[in-house]
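Following this line, the structures themselves.
Same chain, two partners: subunit A is paired with subunit B first, then with subunit C.
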Partner chain A sequence: MSDTKANHPTKLARPSGLSFKDKVAELLPEGGNLNLCLTCGACSAGCPATGLEGMDPRKFLRMAALGMDEELTTTPWVWMCSMCTRCVHVCPMRINIPQLVYHARKSWPEDKKPRGIVNSCNAAMKTEGFSAMGASSEDFKFVVEDMVEEVRESQPGQENLEAPMDKHGATYFLNQNSREPVTEPDEMVPLWKILNMAGCDWTYGSVGWAAENYCMFEADDEKWEQIVRTKIKAVEDLGCKYWLNTE
Partner chain B sequence: MKFTVQDPCQLVRKTFGDPVADDLRYVVKAVVGEENFIDMWPNKSNNYCCGGGGGYLQSGYTEARRYYGKRKDEQIKDTGATYVIAPCHNCHAQIHDLSEHYGGGYHVVHLWTLIALSLGMLGENEREYLGEDLCDCGLCTVDDE
Partner chain C sequence: MNIELLPLTGVRSVEGEAGDFTVHLTQAPRYIDPEKCIACGECSRKCPSKVSNDFNAGLDKRKAVHILYDQTVPLKYAIDAEHCIYLQKGKCGNCAKVCPADAVNFADTPREFSVRVGSVVLAPGIRTFDPSAFDSYAYSRIPDVITSLEYERLLSASGPCQGHVLRPSDGTEPKRIAWLQCVGSRGNNKCDNDYCSNVCCMYALKQSLVTADHAHGEGHDQAIFFMDVRAHNKSFEQYYNQAMDKGVRILRARPHSFLPGEENRGVRVGYVNEAGEPLSEDFDMVVLSVGLEAPAEAKQLAETFDIKLDHWNFALTDPFDPVATSRKGVYVCGGFQEPKDIPRSVMEASAAASAATAGLTKGRGTRTAEREVPAAVDVLGEPPRIGVFVCSCGINISSVIDVQDVADYARTLPGVVHVENNMFSCSQDTQVAIAEVIRKHRLNRVVVAACTPRTHEPLFRETLEAAGLNKYLFAMANIRNHGSWVHATDPKGATRKARDQVRMAVASARHLAPLKEVTLGVTPSALVVGGGVAGMTAALGIAEQGFAVHLVERETELGGNARMLRVTQGRFETAPYLASLEKAVRGHAGITLHAGTTVADVEGFVGNFVTRLDSGTELRHGAIVLATGGVGLKPEGMYRYGEHPRIMTHQQIDAGFMDGSVDPKALQSVVFIQCVGSREPGRPYCSRVCCTHTVESALHIKRTNPDARVVVLYRDMRTYGQRELLYKEAREAGVIFSRFSLDHRPVVDVVNGTITVTFRDHVLQQDLTVEADLLGLASAIVAPDVNGLAQMVKATLSDEGWYVEAHSKLRPVDFVTDGMFMAGLGHYPKPLEESVTQARAAVSRVTTVLSRTEMTLAGTVATINKAKCVGCAVCWNVCPYNAISPDEKGFAEVNEALCKGCGLCAAACRSGAPDLRGFTTSDIMAQVSAMLG
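Moving on to the complex of A and B:
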């Protein structure tokens, strides 16, 4: 066991007013069931983050029940939990521990949050495509068109390959993770080939083309909501029926 | 040659549940051949997160991320598969790193790579993540069988 704060006897300060847990419970359907823990430990037994920072999901929830708000909102463990929801899946009481983690992330001041996540969110907010790698829509369009042309010319059978951009009325609006156009554009090609072979009517969009949303991982509600709303509007503006986002 | 598949948390546990995990296996088996597919354990909605999600890859907590991913690495090694199909970007990047870091040496591929390969339309430059055993498959005229 690592020698962390969580392993030493702790004095419990009775918080005045609502505790962190109670405040989060007010935001969640059924209060996230945050008061229903049976302490069985199924969550922790099946959590790959158990043991990091002397923490595990059950301990995190018990600390919330005991009102240890300062520890909860300062432990870096909240960035080591991937919010995968396996703990909820195995929990007999369906307790929403990941939402507790999310709100603990939210309570961190921006300058203390992991730089990589904050920078990815900020980069996305600066482009109309919301690319966390900061790729502009012009660059995205250029890379896509360049790849399509190259494949059409060099690969027999792919003379009619298409990767439409801003195609009005397409059935599917497809998002694309920034990683491909920026670092490995060849990896986009198999996907296009499959869609075209299946006769799928799809398009990319210059607004909101990037699939990722690091503002959500940063737990910045205002920014991630703006990203999602703008992407939905982009899908609607193009008159597409389905929005495909694989993230 | 054996193939296993990672269940992306976002797609499976958090969104469509076991039915989409079954669909995923239907496609994977159709592509690699049922006898070449081996599932990891636990799987589907009960599968473990790889440790690439939630912003982990950009968080700077590299040591913690690999500790977290050790469980995934062991799950994969237990299958004996030489290929892991990762239908999610974060999973792909994380499991690729786990294979190198823990020395498993298994290959990590996107699902689209194997679909296009099985359809005979995977281009020469689209084979970055295939191993030596598959990187020439379908490119030459010699029938390997």
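Moving on to the complex of A and C:
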């Protein structure tokens, strides 16, 4: 029998206590099915972050299964996941890989987390609208009104275009990614046109208007929960029926 | 004759209990009188209502009046009322107008009736999974993504494109085809089928191999995307290797989603290979290997019969009694029990038959009918008086061949005294008419010029018998399949050929002699060799059928391999079952146990065997069951076996679990290595039971000691069927499964009394080392040396030492030699429940022999002209049935009880000594001379 000698094998320590994966599983409904992997690779085939940092969802989950917690909680790959959940969607075992990624992010100390995400979260917490760009609600309101006026004047057929702000009792409360009003205001217009064309009764709100939630991407539970709760309250305060978040 | 087919019939309700059920049935109207229908197909040809053809997976159309497919049983048309224009709107009625047999009956009504039966067997089959649920596979959106059932029909010669596959999007031939396995199996995302469907790996390999065989020219490619290749049954692994040798690509990857190719033709497939690299390929077509589900009517059936179903709506059964449902007297077989392939379904059908009849032996033969045949007139010495019947087969023959001309021609042939042309020679009234003609004209030979003897010869022979003529005085000319069908564009040529064929058949008929069928008595007892679970189950079953059984076991104890088996199917303990089985066997008056002895010699043939045991005892019996078992390989020289007491085979671990010497609580780290001695070049088969066995052991450790780390190193996890649920449970419990390839086998070291195992993890592609407190080796199941026994009973063994069955699918428990059957591991490694099934199947097969007081053998057997024989041994060497042996002078002698009339001896003999009755050399020469004119 041609047994091959392995080169520098990694030694798996004897099991001691709960692994990182086991702890995460305790937090998730049905344990997130984290143990059930068939290693089929469907997740990796559909993941936009496959190959980055030499990692993919299957490998990431495998490290968790093998109890390689050190690698798991230090690989920068977790920050490349977009939380799109394409992996769960096709996984034969519905394994909640994004939640495992999320908890791996959580285990990073704040000062080691990617600055862009941390700064965006911090910026959002400083504004009433939770804008990661740091845009104030006043600025947002000004840009929207300015844009509406421009379209009404320059585009025939759009004389009645509306983009209401703080309209009490509107059916839909619409969020807006704050990148648009700050850098590309005209990109907001197509959605307005669609909503108006469809006859939707909608509004922006000066409180919690920004759609993004970088505190969630940062895996800062306290902050992203505060953002979500404040936004829900804003929707309720305006008496709106539906909350539309485009992110 | 003793099977009443009730098509279109559903069960309304059931009363009574085992031994005396009353089943209330409703038969839906057929609108065609099956007594009158001659299956000519005229109705269907003239029917204007076209309907999507379910049999071809909706890929083509059928008519409202139709047969399901060409081999439909019974071969009778039926009207699908929902799509019949006449039944819906009162117009049309074309079928009734064109039917030559007046078989259409639009006034047909549902028929309610009841039958009284002692037992019930449920065999409703399965259905295939609908893959529309998976949006990512785009079955509903991309035309060239199809199901395996659709592909099966495309590939079939009787399918919508006559076997020349054309893809749905543009009707061109697909060259690059991919299969995706486990669609609707082994998953609980968007479906609830977390079991394995058992058959898909093999059907995908078959489809790819058949496709590869048909592919000509450049650019052909077959690729199978899979998780584990489950080629676990007899000769499956070899088939898998054959597919790879043919160039079928076996890709261990699962694509995320399918995208349409340009203009929505073909399919773009993105996947990640084993090394983790993202790849993309364009295929002309993708086949989804859809899984099997319980039939749609399962719930209702269960309610009607008051039986329990499992979580997936399959019939709930017990591994120790696999064909019994939860209700006494109601049995189950086939896919409804668990998804399975043909050989196992056929075995299970026989098993269900024996289980269903075990309680009804008192009534055996009381409600069966036998055909009355008048004594045959003696025609010896009479000059030939040949009758020729030329069939029109509706217009099947007569639209091409001038049947009147053929009939007129037949009248001119020597020996012919009567000729007629029939519209349908095979119809019931024509049969009666032919019998009358035979008697009236004192015909002593009959020729029918019609279709194939394969389907119709038995019918015409019966007609001869009914008319008092020896049934072998019959010849057929196939002027339809070999004439009108293949020469449809050349009527004159076809007519000329039909004349030739009739002339040959008449020449043959002149040579025909009446043949005698030998009748043999039957000794109503059986010999069972082997006292393991299979042997004991077979012995008990045969005894329950009311026959005497001699059970021979080499060892002094009964039980065989099962004694070393802790559980089966995860949690069913073997020991109590084994004890009760042994008790029943020892306690049954019909079973004579011969323990501690072996078979010394076997002579005789079906119905009449004589066996001598080493103990000197002589036994007479009518049938034999070989249940000689298998042996666990001692893995000497592999993975440091023997160098540490805690490096053990799975049987040893089971024994340790049972006697307490292996305590799961004391284990912190356990490693199992699979395929030890299986699927290797020297032993290329899969031992089939080891994956499940290891999973059972791993689970036992985890259930007892959840903190233990258990690593299973495998090549493909082959936990087929519902065993997949154990595999899932083991993963859920935290057992780690890591795959290795033959290039990177695990390396075991024993240093200072510590076992370490180093393996390359297939996902991380990284070498890992673990210490193991216990190393389990899933060593192969091998065949014991049964050469001596096999020679005595003339049984064939495969290269690997397994008993060879008469037909792997259709006769999976029969030996080629009549009256001999097999069960258990001697046939191939299998789990306990399948041994039980096969043993019960053997019971059923044995019963078909022993329940007869005498057996009639076919008259078409070989004879030896001893004047020509030189005793060269060629004939008895080529005879596949061991029917020829040298007589006391060294000349060949045929045992007519063993001869199957294959004619190999006649073809092989250099001096022309053997001849085959009913197909003699002079007969063949007469036909050849007649053909040459």
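Methods note: the second predicted complex is superposed on the first by the 231 of 247 C-alpha atoms of A that agree within 3 Å, B and C clash if a C-alpha of one lies under 4 Å from a C-alpha of the other, contacts with A are read in each partner's own complex, and residues count from 1 in each chain.
Simple rule for what comes next: a residue touches a chain if its C-beta (ideal position, glycine included) is under 8 Å from a C-beta of that chain, and two chains touch if they have at least 3 such contacts.
As the structure is a computational prediction, the values presented were derived from the model and not from experiment.
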Task: Touched partner set for A:S107, first subunit B, second subunit C, both or neither - done: neither
Open item on the list: Looking at A:H89, would you say it contacts subunit B, subunit C, both, or neither? Reply first, second, both or neither.
Closed with: both
Task: Contacts of A:Y214 with subunit B and subunit C, given as first, second, both or neither - done: first
Open item on the list: In the overlaid three-chain picture, which partner chain does A:V151 touch, first (subunit B) or second (subunit C), both, or neither?
Closed with: first
TODO: For A:T73, select first, second, both or neither according to whether it touches subunit B, subunit C, the two together, or no partner.
DONE: neither
TODO: Scan A:S206 for contacts with subunit B and subunit C and give back first, second, both or neither.
DONE: neither
Open item on the list: With the touch criterion stated at the top, can you tell me which subunit A residues are shared between the subunit B interface and the subunit C interface?
Closed with: 46, 51, 86, 89-90
Open item on the list: Which stretch or stretches of subunit A touch subunit B in the complex?
Closed with: 46, 48-49, 51-53, 76, 79-86, 89-90, 114-117, 119-120, 151, 154-155, 157-158, 177, 179, 184, 186-187, 189-191, 193-194, 197, 211-212, 214, 217-218, 246-247
TODO: Name, in rising order, each residue of subunit A that touches subunit C in their complex.
DONE: 1-12, 14-15, 35-47, 50-51, 56, 58-59, 62-63, 65-66, 86, 89-94
Task: Complex contact set, residues of subunit C against subunit A - done: 134, 136, 182, 186-189, 227, 253-257, 270-272, 276-278, 637-638, 668-669, 707-709, 728, 731-734, 736-737, 739, 743-745, 747, 758-764, 766-771
TODO: Would you tell me which residues of subunit B are touching subunit A in their complex?
DONE: 9-11, 13-14, 45-46, 48-49, 51-56, 58-61, 64-65, 67-72, 87-90, 93, 110, 112-113, 115-116, 119, 121-123, 125-126, 128
